[in-house]
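Each structure below appears as structure tokens.
Look for subunit A in each of the two complexes below; its partner is subunit B in the first and subunit C in the second.
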Partner chain A sequence: MSPSTPRQSSTRARAWGFLLPALLWTGAFFLAPLVIMALYSLWQRVGTRLVTEFTLVNYHDFFAKSFLLKSLLNSIEVTLIVTLVSVLLAYPLAWILAERVPRRWQRLALILAILPFWTSYVVRSYSWLLVLSEGGILSNLLLDLGITAEPVSFANNRGATVVGFVHFFVMLLTLTIYANLVQLSPSYRKAAADLGAGPLRSFWHVTLPLTLPGIMVGAFLTFVLCIGDYITPQILGGNRELLLPQTIMLQIARRSDFPMASALAMVLMAVVSLVYLACARWLKIDRV
Partner chain B sequence: MRGPLLHLLRSLPLWGYVLLLYGFIFLPVAVLVLFSFQDSRLPVPPFNGPSLRWYEAVFSDARLLEALANSVVVALTSSLAAVVLGFLAAYALARHRLPFSGLLQGFLTAPLTVSYLIIAMGLLITFNALGVPKSLLTVGIGHVVINLPLCFAILYSQMGDHQANIERAARDLGAREWQVITLVTVPMLWPALFASFFLSVTFSWDEFIIAFMVSRFDVTLPVEIWSMLRSGLNPKTNAIGSFVFLISIATVLVLDLVVFRSRKA
Partner chain C sequence: MTSRIRGITRRHGLLLGAAVLGAGLSFSATAGATEELNALVWCDHTDPALIAPFEEAHGVKVNLKEYEGTGAALAIVEQSRPGDWDVFVIDGVDVPRVVEAGLLAELPADQLPLNDIFDQVQMTDVTHKDGKMYAIMEKFGYNVISYDKSKVDPADMRDLTSLWSDKYKGRIAVYDYYIPLMDLVALKMGMKPDDITADKLPAMKEELFKLKENSVMVGEVVSSTTALATGEADILIGGGEWAVAVMQAENPNLDWVLPDQGGILWSQSLAVFKDSEKKDLALKFVQYIMSPEGQARLATSSCFWGMPANKKAGAALSDAQKAALRWDEQEAFLAKSYRYFIPDAELDAEMLDVWTEFLQH
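Here is the complex of A and B:
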């Protein structure tokens, strides 16, 4: 380590100058709000007053009041179902796109497969309402086919939420798994075939393990985005069975109970962090 | 002759699966667009149309148009801010050896790992506590928070060593730092700058939860659409939804044409 010359230290000062705006912004509008939120979660709302004495009462209430804990369990259940179903639906599609579609059509097929991705998030959930609600496309189809005698509603329940989520995440996962599959060198499969493995065996022992990291990254992304989403369950699931983001929004909108909402948000963050730690060994995303 | 036919029959389930999944993916969007041309008051079968009455209704709705304009302004300004901040930070970390640079990168990209809902709540509570009024400005601030890490990550990943060499050459030839940045670095990086800007625009344009929580009287388009949903199924919502879809597709096409084609050339 040589002592830094004046020129070096002046360019270093300039570098800090370039870095500072982004650091300040992230500090002021991301980190500080999180710290303030953590602080709020340790305060309490009594009547309409904010009592700024440290207490764990919000966290205690979370476990004591069954509807709060239930909404977390609902969220975890729905998210796990969505992640599993989306991976199971997207993998074959990505595989067919990468292995069976002629190369010059692949790009077009992929663009088509993720086209509805670009509809607005709110509008996408609303579109499913057009399909699933009473008198909608599905209900009409069943009437025409004579399967049901009355219009039926498929909206306002967990199934509708899952369908809305799966629709979005199948597109996302098809993209990530496809990207993973086309990167695989064909020589691995050729080697497996040379050694006498049939297509099924070669898939099971070669392709699948090699794409596992891609699946895990996609599944983790799905989990994180799904468990924190408010729009889809609110529009499609309705209010009969609440998910955690809906409970959080209720605390804010109906009761202005920021401390309780903060505590619930901290719980949400904790769950995501735990899942991250659990999958960390598969999530070796190249650090930028 | 049996070979190809058998092969085709064998792969039939495969194409059936593809068709089924494409159907599932396109069903809601197709229904959305089709019934935006509905002539009656409900966007459900039977379809009687086509009619443009709901598009007329959209374009004569002052609130909706204002929300649209708000969305454009917020998306463009917040994305510009995110790109500038992200670029400067990426330049600093890629071109200078700073202490704790790994930690600093982690800090700048940290917002990518936190739900928008939580970022929105944190901002809401903070603005409330400080008495900052909710407005489009606060929405824009939130959108910079979510897009800055993205811009930083994209730009940082694109700042390679060969560019550093050209920058060094420019410096040796007497260029000052701002000249190096504006005349050398920015032109070399412009596809990445363009991509991160447009990606930010699409994210901001579509963002709901932050815009919902930290805005009040002036709202962005997704929030306005959200409040339209209270009236239930309505072909007008189909019309604005289809219009937004069209804009997003156009944006993606521009991005694809300008960035990816130019990179190939």
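Here is the complex of A and C:
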């Protein structure tokens, strides 16, 4: 190990200087809150008092009380459904944008696609309520078309929550997959065609595998944002079932039980971390 | 080229600095000229029709910070410096714990219209401690039954048990607050809210599960009233005047009633912070809110309506407004009402568990 030259030391110091703001930011706004949350999760609310002796009672309660555990299972189920449906809808949309829309119109098409997202997330969720509820646009349309004889409600259930989520995440996934598709050299498909592959076979064996990283990144973002979302299920789900973020809010808003809420949030963090590790392993992020 | 850009930048920088300094000075001058009052409030206090007359009369600015839930308000206070807040609007049931925490200043009872307040909402056991008054009830109402009278039989709405019958299956929205709702379940079961004990919870849970089977949704204020407004639900259990009065102008079919078994009384109170440096102005604000005019404006706030605590506000309300508040039935309603049951911490946790199970059911 040779001693570093003054030039190397200066470069290293400058690198640390550039890194410092990011490190401070991450430390102050991610690591410190996370440590505080982890500490809180090991404390306990007894009556109106906060008992600061370490205990695993909150975690024990989470696994012992089936209605709490069920909120995690509900969250995972809903998130998987949303991610799958969003991918299935976003891929064709991204493909049409990248392959069928003329290059000069693509930017406009993308702007038009994301235009609704310039409105508030809460307002958009309530708008969906007006579309899906009894006497709403969808119900009236079915009545007018003679498909139903009575007003029908599609709101206040898991389906409505999924619709609200999918509306948001299809666009997110479309953008990530589109970015992947437009970077794909046409030479790959030409080579496949030269070797005798039809359009379907070329898509299945060449285009799809090469765009899987885009799908995975978008799907991971969808998973993370969806599993931690409180607003959409709260507005559209009608509390027919509880997802984990709703259970966390219930602990805070109704009982100020921050230790229990922190324990539930740590469980949520653990699930997201596991999914991240799986995605990173699959994408071999460490090699990138 | 570079020097020109630098020159322009420097000149612009000086101009910008001068502008910022000027704006700062003018802001300081304005801030100095207008006295300000900082109030932690519920959304009904944010109606300009309520606040503007006080600001104009006293030449002051009232800064309003809206919050939901006493826990959230206390967190705000905890993160503030002593003296940051002057006035506090707080849930009636939470006054004792805020007094206990030493946050409130004593109010001069002789300078407030206590004799004009409905007897049942004086609640001196809550607002007073050791003979000193720390808060005054300003508004009240009921967690009972709101409904669309074009879709249900109004006579049925006077009987809580009808909500558990098949007749209204899939037509009910449930207000998502476990204390008043479990109080109503207790009334339906023939108990008083104060009778709730841990051993009654299994039976109450069964009742809640049956109610869930009849319900179309469970939601907080906005969601549950939206369900009623859009026709998603015909009945809102836990609702009351606060849920329908604002919407009655658009939909006169929306109504509310206190069932024969009784109803749950909610109340909100007004207090002054102990560390306020503007206690005189804060007291004037309390006096304004408690005046008949202030009370009428608060009762019909654009955020939500509720009964004014001051009986004399009736003179400042129109007949239509009084009809929406069911003014003439207040004596009977109050006689049949129960205040929010305040369980001890252990029972509270068990009740929340039952409620969570109900939501998950």
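General observations
One rule holds for everything that comes next: the second predicted complex is superposed on the first by the 251 of 288 C-alpha atoms of A that agree within 3 Å, B and C clash if a C-alpha of one lies under 4 Å from a C-alpha of the other, contacts with A are read in each partner's own complex, and residues count from 1 in each chain.
As a working rule, contacts are C-beta pairs under 8 Å (C-beta built on N, C-alpha and C of every residue); 3 or more make two chains touch, one makes a residue touch a chain.
Model, not experiment: these values are computed from the prediction.
By the touch criterion defined above, A:235 lies against subunit B and subunit C together after alignment on the C-alpha atoms of chain A. Of the two partner chains placed around the shared chain by superposition, subunit B is the only one that A:21 touches, whereas subunit C remains out of contact. Of the two partner chains placed around the shared chain by superposition, subunit B and subunit C are both touched by A:136. Of the two partner chains placed around the shared chain by superposition, subunit B is the only one that A:224 touches, whereas subunit C remains out of contact. Contact with subunit B, but none with subunit C, is seen for A:92 once the two complexes are overlaid on the shared chain. By the touch criterion stated above, A:126 is placed in contact with subunit B and with subunit C alike.
Touch criterion met: A:252 reaches subunit B and subunit C at once.
Once the two structures are overlaid, the count of subunit A residues touched is higher for B than for its counterpart among subunit B and subunit C. With both structures placed on the common chain, the touch criterion links A:153 to subunit C but leaves subunit B unconnected.
Legend: residue contacts after superposition of the two complexes on their common chain; A:267 is shown touching neither subunit B nor subunit C.
In the superposition on chain A, the residues of subunit A contacted by subunit B and by subunit C overlap at 126, 129-130, 133, 135-136, 235, 252. For subunit C in complex with subunit A, the residues that touch the partner chain are 68-69, 71-72, 97, 176, 178, 216-220, 222-223, 226-227, 230-232, 344-346, 348-349, 352-353, 356-357, 359-360. Residues 11, 14, 17-18, 21-22, 24-29, 31-32, 35, 42-45, 85-86, 88-89, 91-93, 95-96, 98, 102, 104-105, 107-111, 113-119, 121-126, 128-129, 141-142, 144-145, 148-149, 152-153, 156-157, 177, 202, 205-206, 208-209, 213, 221-222, 225-226, 229, 233, 237-238, 240-241, 244-245, 248-249, 252 of subunit B are the ones touching subunit A in the complex.
Those residues of subunit A that touch subunit B in the complex are listed here as 11-12, 14-19, 21-23, 25-26, 29-34, 36-37, 40, 89, 92-93, 96, 100, 112-113, 115-116, 118-124, 126-131, 133, 135-137, 140, 167, 170-171, 224-225, 227-231, 235, 245, 248, 252, 258, 261-262, 265, 268-269, 272, 276, 287-288. Within the complex formed with subunit C, the subunit A residues making contact are 46-48, 65, 67-68, 70-71, 126, 129-130, 133-136, 151, 153, 155-156, 234-235, 238-242, 246-247, 250, 252-257.
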